[in-house]
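Heads up, the next two complexes both have chain A, just with different partners, chain B and then chain C.
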Partner chain A sequence: MTRPFIAMRAIFIKDMRLLWPLMLVCAALFLLRAGLPGPAGRLVETLSIGANIFLIVAAIQLDAPSGLRLDWRTRPITPVTLLVGKLGFLTASLLLPSMVADLLHDVIAGVGPGALLPRLLDDHGRAVIMALPIIAMAALTTRLLDAGVLGLAVAVLNAIVLSVMLTLAGQSPDQLDEQVLWPMVPVLAAIVAVGSILVLWLHYVPRREGAARLAFGITALLAAATQAGFILTL
Partner chain B sequence: MLTITGLFKTYAGGVRALDGIDIDIPRGLFGLLGPNGAGKSTLMRTIATLQDADTGTIRFDGIDAFKDRMALQRRLGYLPQEFGTYPRISAQAMLRHFAALKGIHGAANRAIVDELLVRTNLWEARTRSVDTFSGGMRQRFGIAQALLGNPDLLIVDEPTAGLDPVERRRFQNLLSEVGEDVVVILSTHIVEDVAALCPRVAIMADGRILKSGDPRELTAELQGNLWSGIVDKGGAGHPGAGHQVITTRRFAGRTEVRVLAAQAPAGFTAAAPTLEDVYFKTLIDHGIPIQAE
Partner chain C sequence: MIVETTALSHMFAGREVVRDVGLQVPMGAAMVLLGANGAGKTSLLRLLLNILRPSKGGARLFGRDSRCLGPEDFQRIGYAAESQILPGRLSVSAYFDYLRPLYERWDGALEQHLRRHFGLPGGQRIDLLSHGASMTLRLATALAFRPTLLILDEPLGGLDQDVREQVLDILIDRAGDTTILMATQEITDIDRFATHVAFMADGRLLFQEETGTLAARMRDVRVQVGEMWDLPATLPESWLTATRTGRTLGFIDSGFVSEAVLRQQLADCGIEIGGLDIRPLALRDIAVPLIRAQRGETGQ
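Let's look at the complex of A and B:
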C-alpha cells in the first residue's frame, strides 16, 4: 500500500468511528424521505438536508485546514490526501446511501430500467453541486458555529440582493417561478461549483487561506450578481 | 544538525515575533528559554512546518524546511503546547490513526503503538479516551504520538506547564531518554526543566536569541560575582543602589535577594550561580521587563 492510500484509509476509518451515529441518522432520513409523500415528506426532506449539512461540516472540521494550531499539518501527508480522504468519506456516508435509497424508491414506484440511471445522475449531480459550497464553508472555518454564521451571512446577502432587485424591477417574488428562473439555474450552478472548487484548491493545495477566503467572497458576490442580472431581465 | 539562518516573522497586526534568528542546534536536548511572548511558539511552529517565515531558512540534515516540507515531516515529531484530540476514541486507536498518517500500517503499526504505550506508562489506560486523561497522562500521550516513526527531530513546546511535580519529573525522565540520539528542542519558560535536562540552551526574548551556550559555561560566567542575602520587610539588609539585583524571591517566609557585584555587599554571602540567575541577568541586560517578586 502507498503512503497516501494508508493515510486516506486511516482518515476514512477514523471519521467513520467518530461520526457513525450521524451517518445512521442521515441514512434513515434518506430512506424515509424517498418514501414519504406530502407535508411529512417535506419535513423529512428538511431534516435530511440539515443532517447532511451537519455531517459535511463535522467531517471536514474534524481535521480543519484553517488556523495555525493544527498538528495534522505536521504529519507527512499532503493536504490533498486529507481532502481526498474526506471526500471519500462523504461519498460513502452521504452520496451512496442517498443514491441507494432513491434507487429503491424508484424501483418500488415502478420507474423503468432505462429511466433509473438518468434520474439518479440528475438528482445526485445537483446534490453534489449543492454540497460543494458547504464543504468550502466548512473548510474556511474551524467550528460548526462559525460555518453556520458564514452560511447565514451568505444567505442574508443573497436575500437582500434579491429583494432589492425585485423592487427595482417592480416584480413580486411570486413571479420568480421555475419557468422564469430556469435559464439561471445552470449558470448559477456553474458559478457555485467552479467557485467552491477554486476555494478548496487554494486552501488545500498551495495552502493559501487568504486567497481561498477571497475566492469564497467573490463567488458569493458573483452568484448574487448573476441572480440580480436575471431578475433585471424579467 | 538543525541550522536556522536569518529568520524573520511579522504578523499581520505588526507584531514582530521573530527578529533575525540565527542558531545551530546539535543532536541532544536543546532548551529554548524565554518569557511569555518571546516568540518561542512561533519559532517552534515554524520549525514544525506549521507556518512560514517572512525570510530566512531552516535546514535539518540538508533538508530545506520551507522547500521540502514532506521530507522534514517524515523525520519530525511535534508536541504542541495544546494538541487536538478526537472525542470518544481510545488512546490506542488514536495512536494507531496517527501512526497510519506516518505511513506505518499492519503489524508494524500495532507493534510500535503498543511499545510506545508501554514506554510512556499508558498501557493500563490504553482503552480510555484521551479526553478523560489527567494533564500528565495527556502530555505523555502527546510525547507518544510525537515519537511515532522514530523522529530525528523532536519539538516539544511548553510540555510541563500545569503538571504536578511527580508528573513533571516523570516527563523529564522520558524526554532525557529520547533525547540521546536525536535533536530535541524543548521550549519552555520553566528554567528548572532546562537546567535539569539540556546540555545546550538559548535564551530568547522579543523575537531574538539573546544568549546561547552550555548551561555550565553560562553559569560559570557569574561565578564569584553572585551574592545572596536575606532582606526583612522593612528593607533592612538590602544591598542598596549600585548593585545589580538579579532576583528577589520569597523562600520559607523570608525574602532572598541575589545581586551581581565584584565584591560582596554587607551581610551577603557568595551564592552558587544557577541557570535561573543567567536567565534573569540576560533579560535585565537586554532591558526585558521581568515579573519576578
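Let's look at the complex of A and C:
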C-alpha cells in the first residue's frame, strides 16, 4: 500500500471512530426517507438533509485546512491526501448508504431493472453537486457556527437578488414552478460545481486561502446573477 | 545546520511579528528559544513548520525550503505544542492507532515505554485528560517515531513538578539522538539538557549561542561602593538589571571578559570599588534577567 493511501485509510478510520453516531443517524434517515410517503416523508427528508449537512461540515472541520493549531498540519499528510480521505469518508458514510436505501426502495416499489441505474445516477448526481458547495463552505471555516453563518449569508444574498429580479420582471414566486425554472438548473449546477471544485483546489492544493475565499464569493455572485438573468428573460 | 533561517520575517495584522531572524540550529543540538509572551517564538516555529508562510526571507530544514516541506519531511520532524488541537473525542489508544500507520519509523516499543513513563490512560478520552497528561500525550506522539528534529512550543507550561520531571527526563534521554528546538518561558531546569540558547524579543532574535559560551560571558556582579555614591545615569549596555541596595550595586554582566576589564568599566563609570564579588550564573539565573530586561524595554 502506498503512503498516501495508508494516510487516507488512517483518516477514514479516525473520522469513523469520531462520527459513527451521526453516520448511523444519517443511514437510518435514508432508510426512513425512502419508505415514508406524504408529510411524514417530507419531514424525514428535511431532517435527513440537515443531518447530512451536519456530517459533511463535521467531517471536513475535524481537520480543517484553515486552522493553524490543528494536529494534521505537522503530520505526514498532504492537504490533497486529507481532502481525498475526507471525500472517501463522505462517499462511504453518505452517498453509498443513500444509494443503497433508494435502491432498496425502488426494488420494493417494483421499478424495473432498466430504470434502476439511471434513477440512481440522476438523483445522486444531483446530491453530489448540492454537497460540493457545503464541502467548500466547511473547508473555508473552522467552526460549525461559522459555516452556518456563511451558508446563511449566501442564502440571504440569493433570496434578495431573486426577489429584486422577480419584482423587476413583474413575476410572482407562485408562477415559478419547477418546469419554468428547469432550463436554468444545468447552468446553475455547472457554476456551483465548477466554483466549489475551484475553491477546494485552491484551498487544498496550492494552499491559497485568500484566493479560495475570493473564488467562493465569485461563485455565489455568478450563481445569483445566473438566476437573475434567467428570470429577466422569462 | 539542521535548521537555518535567513532574514526570516512574518507580518500579522499589519505588524511584523517575526523580524529578520537568522536562526541556526546545529545537528544534535538542544536549543532553548527564550523570550517573553509575544516575543515571536510561536510564530517563528510555525514558519519553520510551514504552518505560516514567510513575508520575507526564508527558512531551511534539512537543507530544504520550509515552504516545500512535505510528508517525507514530517516523517522526521516531531512537533508538540501547548496550543495544538487534538481530536478531543478520541481515546488515547485510538489516537495512537490513528498516528501509528502514518509513520514509517514508528517504534511500538518506544510508544509503550512513553505511555508507561507518562502514565497515559489508554481508554481515556483526550478532551478529558488533565493539562499535564494532554501535554505528555502530545510529546509521546511526537517522539514515538524517533524524529530527527523535535520542535516543542511551551511544553513545560503549567505542568506540575512531577510531570515536568517526567518530560525533562525524556528530553534528556532523547537529546543527542534528536535535535531539539524548544520555545519556552519556563526556564527552571533547562540547563539540564540545553546545549544552545537563543533569545527573542519583539520579533527579533537578540542572540543565539552555546550555553557554555553564554555562561562564560555572563556573571552576577556585586560591587561595594562608597557611601555618597549615586547610580550613574548611563551604564554599559551589557550590564543588565542594575540595582543599588544601600552601598551595594548589583547587576548581570552579559559581556564579561575578565575581572580587570570589569574593574576598568566600573572606574570609567566613576564607581569607586570597595569590594567586588563576581559569580558565574546558571542558565536559569541568566534567562530571568534577560526576560525581565526585555519586558522592561517593551513596556510589559
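Basically, the second predicted complex is superposed on the first by the 233 of 234 C-alpha atoms of A that agree within 3 Å, B and C clash if a C-alpha of one lies under 4 Å from a C-alpha of the other, contacts with A are read in each partner's own complex, and residues count from 1 in each chain.
To be clear about the criterion, contacts are C-beta pairs under 8 Å (C-beta built on N, C-alpha and C of every residue); 3 or more make two chains touch, one makes a residue touch a chain.
This one's a predicted model, so the numbers in the text were calculated from it and none came from an experiment.
After superposition onto chain A, partners chain B and chain C are found to clash with each other. Applying the stated contact rule after C-alpha superposition, one finds that A:L166 touches neither chain B nor chain C.
By the touch criterion defined above, A:A59 lies against neither chain B nor chain C after alignment on the C-alpha atoms of chain A. Look at A:R9: by the touch rule set out above, it reaches both chain B and chain C. Judged by the touch definition given at the top, the superposed model places A:M137 against neither chain B nor chain C.
Once the two complexes are overlaid on the shared chain, A:P76 sits against chain B and chain C alike.
Residues 3, 6-7, 9-10, 13-14, 17-18, 62, 68-71, 73-78 of chain A are contacted both by chain B in one complex and by chain C in the other.
The residues of chain A lying in touch with chain B in their complex are 1, 3, 6-7, 9-11, 13-14, 17-18, 62, 68-78. Touching chain C in their complex are the following residues of chain A: 3-4, 6-7, 9-10, 13-14, 17-18, 62, 67-71, 73-78, 81.
Across the complex, chain B meets chain A through its residues 45, 48-51, 70, 73-74, 76, 78, 80, 82-84, 86-89, 93, 97-98, 100-105. On chain C, the positions that touch chain A within their shared complex are 46, 49, 51-52, 70-72, 74-75, 77, 79, 81, 83-87, 89-90, 94, 97-99, 101-104.
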